[in-house]
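Please see the structure below; I have some questions.
Here the chain labels run A, B and C in written order, and each chain numbers its own residues starting at 1.
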Amino acid sequence: MGPDLDFAVVMDHLPEMLMGCLGTMALALSGMSLALIIGVAGVMARGSSLPWLRRLVIAFIEITRNTPFLVQIFFLYFALPAAGLRLNPTVTSILALGLNGGAYAIEIIRGGVQSIHKGQIEAGLALGLHKAQVFRLIVLKPALRAIYPSLTGQFIMLTLTSSICTSVAAYELTSVAQRIESDTFRSFEVYFTVTLMYLAISWLLMTAFAAFSRQYFSYPTR
Amino acid sequence: MTLSRRHLLGAAAAGALLPTLAAAQSLATIKSRGKVLIGIQGDNPPWGFVNTSGTADGFDAELGRAFGKFLGVETEFQPLAVANRIPALTTGRVDILFATMAMLPERAKVVQFSKPYVANIIQLVAAKSATVKTNADMKPLVIGVPRASVQDTQITKNAPDGTTIRRFDDDAATIQALLSGQVDAVGGNMFYLDRIGATKPGVFETKLEFTRLFNGACTRLGDKELNTAANSFVDQIKTNGLLAHAYTTWMKQEPPASFPDAIDGVPFIAA
Amino acid sequence: MNIAFGLKEFLFLLTGLKWTIFLSLIAFTGGGAAGLLVAVARTAQNAALRRAMMLYIAVFQGTPLLMQLFVVYYGLGLIGIQLPAWAAVAIAFTLNASAFLGDIWRGAIEALPRGQTEAAIALGLPMLSRLRDIILPQALRIAQPATVGYAVQLIKGTSLAAIVGFIELARAGQIVSSQTFAPILIFGIVGAIYFALCWPLSLYSARLEAKFAAAR
């Protein structure tokens, strides 16, 4: 006779869980966008000639990558108001995801930019390409191609990390799961189902990223 | 050694026995183990909290230790978050809950309550400057509660449709949400105001009282022997002074003169 | 702020830290041992075994650590296994470590030139000896930077045990902060403690990576 499992009760709440998935995707996409912006800005600041700016960016990267996301989001939600900045759970979550993702994005993008050999740029200019064309075709596209696996992997991790935002009462799949758990008391069934949903979300993202890569990056390199 | 059909049947029989054992009477297991596993709240003084030496302490802890003595075994406490209390019991993680469990009919469907042993008041705490005289006044407020707590149930039920309710992991987060201004009001038990007032005195007060509740010890449905033991224990502490001692130590008041003989929808005795 | 943050509160944080370190060590060693098996199975001759390991790794890499914690924490009790909270949580982290480390080491094994394995087979070395003496020592060395990098993720990951009510460092901080209401100070200190644990490891990992890059 096995353990007493009741998935039917949980499946009654399927519409709510699907809405929760949308909440997760919204947080993740907003967080990713902010992370990209911080990434690019961070790379430029990191390469600046001002030593204090460089050190500030490095400090930001090291602190963010060596402290847990839970502590970061607690700080943003509970501690910032004491300093005068009170943000609601959604904005706090997007900010936390953006900062956290951004710290990793800075290093990934920097690696990509550095991978473009100066000789390539010089050759492009010598061949008569405009500066803008050089940037787009010789720097940006190959750099993106080089960092694409790391960057998309990081974005999928960011989507999974969004589950922690439930601790500041943000609206996403995990907080929905916890609501359903407190209504039905079916803890294992709820979390098992939701885990499968996260698996589906990350698989969908991987497939989408791979399709984009095949479309945009399949050109011969030598 | 090759597997014969006999071996496979034996293994299957043993496997089928396993879940049955988990649902069986746990009193014998507790006695043979020499230890009772008690679920308690980890961060809800004065009921259950973990003190600075890392041990479980508080009203429920004092009674829990007395229950262990009553059974003649050692006591081991498992601090639980509010939302984990019932799951920890039903999935076999603990034998019994002394965890500020308000006796509610929905909960009585999933766990077995003992006779009540402590009273509680669920109320709304907000800033003195806020005007909250009736339930309808809650609409413009952002209200924080610990997820799956009785405050959660009460506020969800009594607040007008469309009120923003934020559910946090535990009491610690909920109280911080109020202190940091992230929420305008919180649903608390009768000690919230003391805890909040200790940190920011004079700013907050209780606005609305939702319900007076009683708490009972919880055992798994069908676990008759442990429920009987729990009820005998509760009867005993009401007469031998143990309950009065716990009340004056932790609640700073006398225990109620009497507890209800019956609560609607919540049986005290396992069927 | 009425209740000042003093020695008593700091000691409470340290009891939380004790659990953080304990959980991390158990998960890393247990997960490391299991991860070796996962890596070897993932690169085995048997196609079914390889695919099973691919699925195992994909599940842990494609779902949030928080969900893995919940499923193991509640699932263990359901199948009749009664364990204290720290053990259930430790098992969840150990499984996660086995999948991630297994994948890292699988990558390192595959990075070795095939000639190594072929030569070992030609010399008549049995599989256990091939793995123990030739493949694994080299693979684990190549994988050192990534392995240390995962150790950092694991330490940070233990903070999630807070959400199932376990009192490790992050939750201890939450409780102290609600008592003293000095969140900037408390979460700052908690963050600093995690940083003190993780940053040296991250620097070590970066140094290892530079060493291997130079050698190449």
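Note that a contact is a pair of C-beta atoms (placed from the backbone, for glycine too) under 8 Å apart; a residue touches a chain by one contact, two chains touch by 3 or more.
Quick caveat: nothing in here was measured; it's all calculated off a predicted structure.
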TODO: Take each protein chain as a node, join two nodes whenever their chains touch, and name the resulting shape: line, ring, star, complete or other.
DONE: complete
Open item on the list: By Cα centroids, which chain is closest to the centre of the whole protein?
Closed with: C
TODO: Just grab the chain with the largest centre-to-centre distance to chain A, centres being mean Cα coordinates.
DONE: B
TODO: Indicate the whole-number Å distance between the mean C-alpha point of chain A and the mean C-alpha point of chain B.
DONE: 38
- [ ] Measure off the straight-line distance from the CA centroid of chain B to the CA centroid of chain C, and report it in whole Å.
- [x] 33
Open item on the list: How many angstrom lie between the centres of chain A and chain C, each centre taken as the mean Cα position?
Closed with: 21
Task: Multi-chain contact residues (two or more partners), chain C - done: 74-75, 78-80, 162-163, 174, 177, 183
TODO: Any chance you could list the residues of chain A touching two or more other chains?
DONE: 3, 78-79, 82, 166-167, 187-188
Open item on the list: Show the residues in chain B shared as contacts by 2 or more other chains, in ascending order.
Closed with: 19, 22, 87, 90-91, 169, 173, 176, 180
Task: Contact footprint of chain C on chain A as seen in their complex - done: 3, 5, 62-63, 65-72, 74-75, 78-79, 82-83, 156, 160-161, 163-164, 166-167, 174, 187-188, 191-192, 194-195, 198-199, 202-203, 206
TODO: State the interface residues of chain C toward chain B in the complex, per the touch definition above.
DONE: 1-3, 8-9, 11-12, 15, 74-85, 88, 162-167, 171, 174-175, 177-181, 183
Open item on the list: Under the stated contact criterion, what part of chain C meets chain A in this complex?
Closed with: 58-59, 62-68, 70-71, 74-75, 78-80, 152, 156-157, 159-160, 162-163, 170, 173-174, 177, 183-184, 187-188, 190-191, 194-195, 198-199, 202
Task: Residues on chain A engaged by chain B in the complex (per definition of touch) - done: 1-3, 77-79, 81-82, 86, 88-89, 166-169, 175, 178-179, 181-182, 185, 187-188
Task: chain C-touching residues of chain B, taken from the complex the two chains share - done: 18-19, 21-22, 37, 42-43, 49-50, 52-54, 76, 78-81, 84, 87-88, 90-93, 169-173, 175-176, 179-180, 195, 198-201
